[in-house]
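What follows is a pair of complexes built around chain A, which joins chain B in one and chain C in the other.
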Partner chain A sequence: MVINTIFNSFHLIGPEIAVALLLLAVVIFDLAFPKNKKFLPWLTITGIIVAGFLTVKQYSLESGFVFESGNTQGLIVIDNFAFFFKLLILGVSLLIILFSVSSEELKNCYDRAGEYYTLITGMILGMFFMVSTVDLITLYISIELVSFSSYVLAGFIKKSKRSSEAGLKYIIYGAVASGIMLFGISLVFGYTGTTNFYQINHIVVHSLSPDFLLSLAFILIFVGFGYKISAVPFHFWTPDVYEGAPTTITAYLSVASKAAGFALLIRFVKIIFFTGIDENGYWILSKAFNWSYLLIIISVLTMTVGNFAALWQNNVKRMLAYSSIAHAGYMLAALTMLSEQGLLAIVVYFVVYGLTNLGAFYIVLLIHNKTGSEEIDDYDGLGYQMPLMGVAMTILLVSLTGLPPTAGFIGKLYVFISILDAPHYTLAVIVALNSVVSLYYYVRIIKHLYLNNPKVEREFTFPVTQTILVLVLTIPVIILGLYFGPLLEMGKVSLRMFGF
Partner chain B sequence: MINWIYLTVALPMIGFLINGLLGSKIKNEKVIGIIGSSAVGIPFLISVVALFELLALPNDQRVFNVPLFTWLSSGWLNVSFAYRVDQLSIVMALVVTGVGFIIHIYSIGYMHGDKGFWRFFAYLNLFIFAMMNLILADNFLLLFLGWEGVGLCSYLLIGFWYDRKFEKSTTSDAAKKAFIVNRIGDFGFLLGMFLIYITFNSLNFAEVFSRAAALSIPTYVFEFIAIFLFIGATGKSAQIPLFVWLPDAMAGPTPVSALIHAATMVTAGVYMVARCSIIFALAPSAMAVVAVIGLLTAVFAASIGLVQNDIKKVLAYSTVSQLGYMFLALGLGAFSAAIFHVMTHAFFKALLFLGAGSVIHGMHEEQDISRYGGLKKYMPTTYITFLLASIAIAGIPPFSGFFSKDEILWHAYINGGLFVWIIGVFTALLTAFYMFRLVSLTFEGKERFDHHSVHPHESPKVMTIPLIVLAILSVIGGFIGIPEVFSGTGGNLFSSWLEPVFKTANSKIHHFGLHSHFEEILLMALSVAGVVFSIWLARHIYIKNTRIADSVAAKFKGFYSLLRNKYFIDELYDSTVVNPIKKVSENLLYRINDVKIIDGAVNGTAALVDKLSALIRKFQTGAVQFYAVIMVFGIVVALFWILLSL
Partner chain C sequence: MIPVEYYLVLSAFMFTTGVIGVLIRRNAIVLFMSIELMLNSANLTFVTFASFLGDSAGQVFIFFVMTVAAAEAAVGLAIMIALFRNKQTLNADEVNVLKW
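Now for the complex of A and B:
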């Protein structure tokens, strides 16, 4: 009976199986050909493409539970919402592997390349489960899978003190956060007697007033999410880890694992507390816990702290770390509306932010390859010494600020639309003011690129492949800023979650 | 071809892009000139074909709407890039592209050797693009796009020679003056447009005009809309009180003066009022204002023109004066007469400017007519064409200016009364006088220039052929509008062509009594006789007996200096408007508001942000234990909040 269920579910987890096999393949390949590490990234890319193909094939499938049996409902679901985030994660992973190929930093650890790609594949697997889980146990295990891989990756460059420090801080902080979350999960289980989201929903729906024990449990669980998406006050690890980790991993953490964290948070809130949806697309949530207030306060804190702390950072990676905290704040602001519009804004924002942030990190990486520095003072005059990279960086920074005609504007626009539709003017004003503050530190980099005189006269040339990769990331930022219809259509389709 | 009408807009844009982006690389003047000219020439051919297609249709079906794409759509507001081809817009399109094409060709010769040759053609093409949008727009917003676009091009072209001196300042100052004065008008236009939108919930011409005619809206609303729109027109078309920029606009190259500041852009106001004829017809007081302003401007500018010594200034005041005629016609409800005069005026005034350009070209950039004289033997083609144009503007039959001006004067008589007619004719006499003063001082009489340094010569063919073409048009252009009294049963071809456009408006205006053909011919004869006398007087004074002018000037010293100084209008505006604004902005807005309040607020905010930033950064100690403490602290605060809210 049980075996039958598992067997019936196999066709639904094709992508996950592909990723798991890829993980094994990378390990075996690494062991079989210890001398030849050149093919590892291409092997991984092939695996990602296969997984992507299997994911796309699932689009036409009926959405459904996986591992359902008897009265225990399933552990993970297949739906459009998960589909969107899986594709996003695969796309980001693909780019990150391409980045890794051109990273000079990682060349020092060439002999451990097998480890690197195995861990990335492990993260992909974890994030796949994160975006589709509907069970507290799989939720916890998937978060841990992602976390453990990223602890090692953050400290991957052993010889670098900063990198080791980052790994260590990350694991300590992560351990505390996940311990607190686990406590929360056990409280929920003790209260409801189930770990399945839908079954918890049946119990929570009937609460007519806030329940202290449940509220406590949800706050403790939220600590885990907050840590994953680096929401204030659970963000402290972010700057230290982002600065110390290899740039590729920083970029990966800032986009992919943040996306998975958001997907999980959204699914958690929507499924567990859902009682209905009104005609304007606003969710009617159970009164057991007031998410709206908590999220508003956290989102305001997150964007404000992120932006204000970024103002005077002299290390570009650290600055981008704070900026990614601020962006999480903007997306949380859209989530606080607890509406379909807010969700659409987050989905659109993630595509835009992913492209832009990856592009910015990639250019930081390329500059680091050439100059060995991420200090803003070493960027002086680089705009003239590497014209294409300078222009691309400028476009990406403008997009991060959220100014037209770049994609970043579209992302911000939809965040504002969702907030003003509610309407929640105070929050909109706070978001707008925060954007103004952010303009300063983004433009500060542009100023260093163009207005400051270079300390050394030099010329830089980049291989064609790297140039193409920069263009692949930059041109869509402009195109999506002007022509974003398809992006919206895709976003609207991706909102559908299982059970609604 | 009507469905391809958007090409008349697109091609100039393409020309602008090619010359503007690649012009500095092309370097070859011929290539640039050909690109620039064909970007206007082909639209002209398209317009001609479109005209014939319209002619093939019955008169009441000659309206086409060519939509391109939706521009803005929000609530009630729905604005498209859509072009309206009808009797009125096609006439304007033909004038703009036709005269524009001739002037483009002329410019190849005139601008030869200029370092900004490519820039010049790029701007001219951009101007045609904007002007065609203005003319063909099927809604107010697209018209406004063109309206602002031509203003921008006018600014760019007036200040084209930005490194040259102009009068007491620079050409840039003249350009700025034109731009700022136009902004005042544009503000009025915008207000009018807003009012139209709130009243009719649409900016589309067809919808607005049909609703204006059908809905019962109080008259005062129409009065306001009409007055606001007319303020816009006074800016663009240089009417009292906003005419001051046009004489200064002569700082631009002469082809620009011919194209923008004589033939096309300045008539945009006339076109716009004619386009909105229904709104104006429903606003009787506004119509009266239009007529009075037009009449005053006509006589006022003509009187200034009498004593100016700069060849282009005379023509500039003449343009202001002729535009006044057009507004007089509009104000009297003679919409088709106004458009007719727009057309004939485009021919002869463009010719006069191009002729003046040819003279300036041959006289080494000298513009003072007191240093000309006897030029007809050096530049015969220029002389003859200039003379023909002067006859046309003076209104001698059967030249084009006669028919259009006579139609306006006749309407002045039947709708405005004898007094209006007298002032109109008086202006015509002044016009004839200053034009022949100009002709006499320039081409005839003693040679007053320095033979050692100046060697007058005829201009090259590329400049004289455009003159000849325009001269032919100036001579015969009026025949399409021969009044009924001469053409008999066929009636006035031009006004019956435009009749469907103005039908609704005309039905709302009261036309007074019936007048006999005898009256019409009598008045015509009187005005022609007066003009002939005026011409004779001018020639007598300025060729044969130059002392008369001096003695008259000495006798009426006060009045003469009033005219010489253009009624001190510039000085009046400087002391009543410009200087107070400058003072307020310097002392209050800049010193206090800008420096203290705004800068203070901005810098204060920045300092505050900086402080906050420093505070927040302090929490990032680097010690993980501390981070964990803050995390737990956050949880505790959240729990307190829950406890309190239970």
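Now for the complex of A and C:
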């Protein structure tokens, strides 16, 4: 019976149910106690911890389909790969909510705090489905769920011209990208007669040469992914939205939504095209579409455009936006190898990049709280006026560049290992040159912090909670740079996908 | 019976019209109309294949797409009102606080 299979699936989607209930709880709490908005973030954090607990409980669970009935295969899967990304998303969301508490920008919209936390919970729910979907329908719906929440969050500060402009630009680019992706999905459906990844795989496996219609459809679908992970040439929204959106949301988009996009892209490519694996761990993909070429071109374009455009930026948030485009390029470069080694590099890179980027955005937010500016010229001499923040920012920027002894080095090291293992020397040289270019604009911030004279003599003090949060983000960046064994072990475990 | 190609050509034409509209029109509301055209062309493809292949999955998909399109219009109009209150314009060329 269908109803039985649905009931049997319930224990598999415990975390998703918890997040959905949390969403309702936040809405109801906001309506019932309009005077107690200061408890909303703590309610959300409690819900996220509960969802995290349920996710951890799934770890030992036998992986399988959810909502499987009779001859139709399920809509989402539970496996270690999804498990890793779910924990990453929950961790990032937790930090973002703590950031939001200390954001002055959001204090102006204090009366709408309920909406803010509801929408963040909506994004978590969407991203949970994104990382575990194996069906084109859930793929489309989950991407849209994440997108709609982030459109509204990007334009959350209604009184600010920058914020509402960011919202409008985001929704126009997002809607066009998802419209193009939807057309691609409709062509794939017409070609294969099914929406399930595994069933599409059965049909695609048998093609011996590239097929024009199918290639076109997959390129159209890739537009949707490219927009989510902000790959060139679908990156035009990124700098504008990252600059205009509230800093907390910028940090969230740059890590969590990008991670979900990558997880979806990896699962899509691996499940649909997988025909076998050779003795060195490289996937043998179906010849229906040559992913390797497309991904190499996109990754080289992405990192080069990201790094070179960042050179001219004077707004720190905009610079970090271009830097996040460049980082997406490095991760795509690891993915182009289409191997387990490349996947390991992406997983490790995401942990490292997540910590570092969140830390950098948090310090940008704290400086904005005090000075009201994100322009790089206003950072002059701040390294002496706020010593701890200056040192932390320096460590985080060194980590973003990928220099030892920080965690960023480990991430980049594994990207290089996966590329040189192939071996693909041209791509390795391009990645190396790009890292050198990136050094310039990261060091430029450090130069403004320490070598330029401050315009006004000021003293800044930060509350203990904010200092602790900065330390929580900065110290692991150094520890992971020196002692990364556990990170690798965790990465290796989380590569296992359902069906392989 | 009308051959399936006719429907597909029509939907491809609608999709192209939508993309061109997004590229050349500058009013935000007209941009949204063009995006709706793109979504509807995908819907037409879905229903064509669903009827041609005798598989109802395509028709199920359409309901989801229609819901998403409605939500998109709601969110889009809300953001446009917020922007219009700040800038008194919906022309995409004049929305240029954020650039390079």
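The rule is simple: the second predicted complex is superposed on the first by the 500 of 500 C-alpha atoms of A that agree within 3 Å, B and C clash if a C-alpha of one lies under 4 Å from a C-alpha of the other, contacts with A are read in each partner's own complex, and residues count from 1 in each chain.
To be clear about the criterion, a contact is a pair of C-beta atoms (placed from the backbone, for glycine too) under 8 Å apart; a residue touches a chain by one contact, two chains touch by 3 or more.
The structure presented is a predicted model; accordingly, all values stated were derived computationally and were not measured.
Q: Overlay done on chain A, so just call it for chain B and chain C: clash or fit.
A: When both complexes are placed onto chain A, chain B and chain C end up side by side without any clash.
Q: Centred on chain A, what angle do chain B and chain C make, from Cα centres, as a multiple of 10°?
A: 150
Q: So, A:D240: does it touch chain B (first), chain C (second), both, or neither?
A: both
Q: Is A:L182 touching the first partner chain B, the second partner chain C, both, or neither of them?
A: In the superposed model, A:L182 contacts chain C only, not chain B.
Q: Check whether A:F212 is in contact with chain B, with chain C, with both or with neither, and answer first, second, both or neither.
A: first
Q: In the overlaid three-chain picture, which partner chain does A:E16 touch, first (chain B) or second (chain C), both, or neither?
A: After superposing on A, A:E16 lies clear of both chain B and chain C.
Q: Would you check which partner chain A:L311 touches, where first means chain B only, second means chain C only, and both and neither mean what they say?
A: In the superposed model, A:L311 contacts chain B only, not chain C.
Q: Looking at chain A, which partner touches more of its residues: chain C or chain B?
A: Touching more of chain A: C.
Q: I'd like to know which partner A:Y151 touches here: chain B for first, chain C for second, both or neither.
A: second
Q: Looking at A:G167, would you say it contacts chain B, chain C, both, or neither? Reply first, second, both or neither.
A: Second partner only.
Q: Please provide the least distance in Å between a C-alpha atom of chain B and a C-alpha atom of chain C in the combined superposition.
A: It comes out at 5 Å between the closest C-alpha atoms.
Q: Check chain A for residues that touch chain B in one structure and chain C in the other, and list them.
A: 168-169, 172, 176, 180, 239-240, 312
Q: Considering only the defined contacts, which chain A positions touch chain B in the complex?
A: 168-169, 172-173, 176-177, 180, 209-210, 212, 215-216, 219-220, 223, 233-234, 236-237, 239-240, 290, 293-294, 305, 308-309, 311-312, 437
Q: Taking the complex as given, what residues does chain A use to touch chain C?
A: These residues of chain A touch chain C: 136-137, 140-141, 144, 148, 151-152, 155, 158-162, 164-169, 171-172, 175-176, 179-180, 182-183, 185-187, 189-190, 193-195, 239-240, 243-244, 312.
Q: Can you tell me which positions in chain B touch chain A when the two form their complex?
A: Contacts found on chain B: 609-610, 612-614, 616-617, 619-620, 622, 624, 626-628, 630-631, 633-635, 638-639, 641-643, 645-646.
Q: Residues of chain C touching chain A in their complex?
A: Of all residues in chain C, those touching chain A are 8, 11, 15, 18-19, 22, 28, 31-32, 35, 38-39, 41-43, 45-46, 48-49, 52-53, 55, 57-58, 60-61, 64-65, 68, 71-72, 75-76, 78-80, 82-83, 85-87, 92, 95, 97-100.
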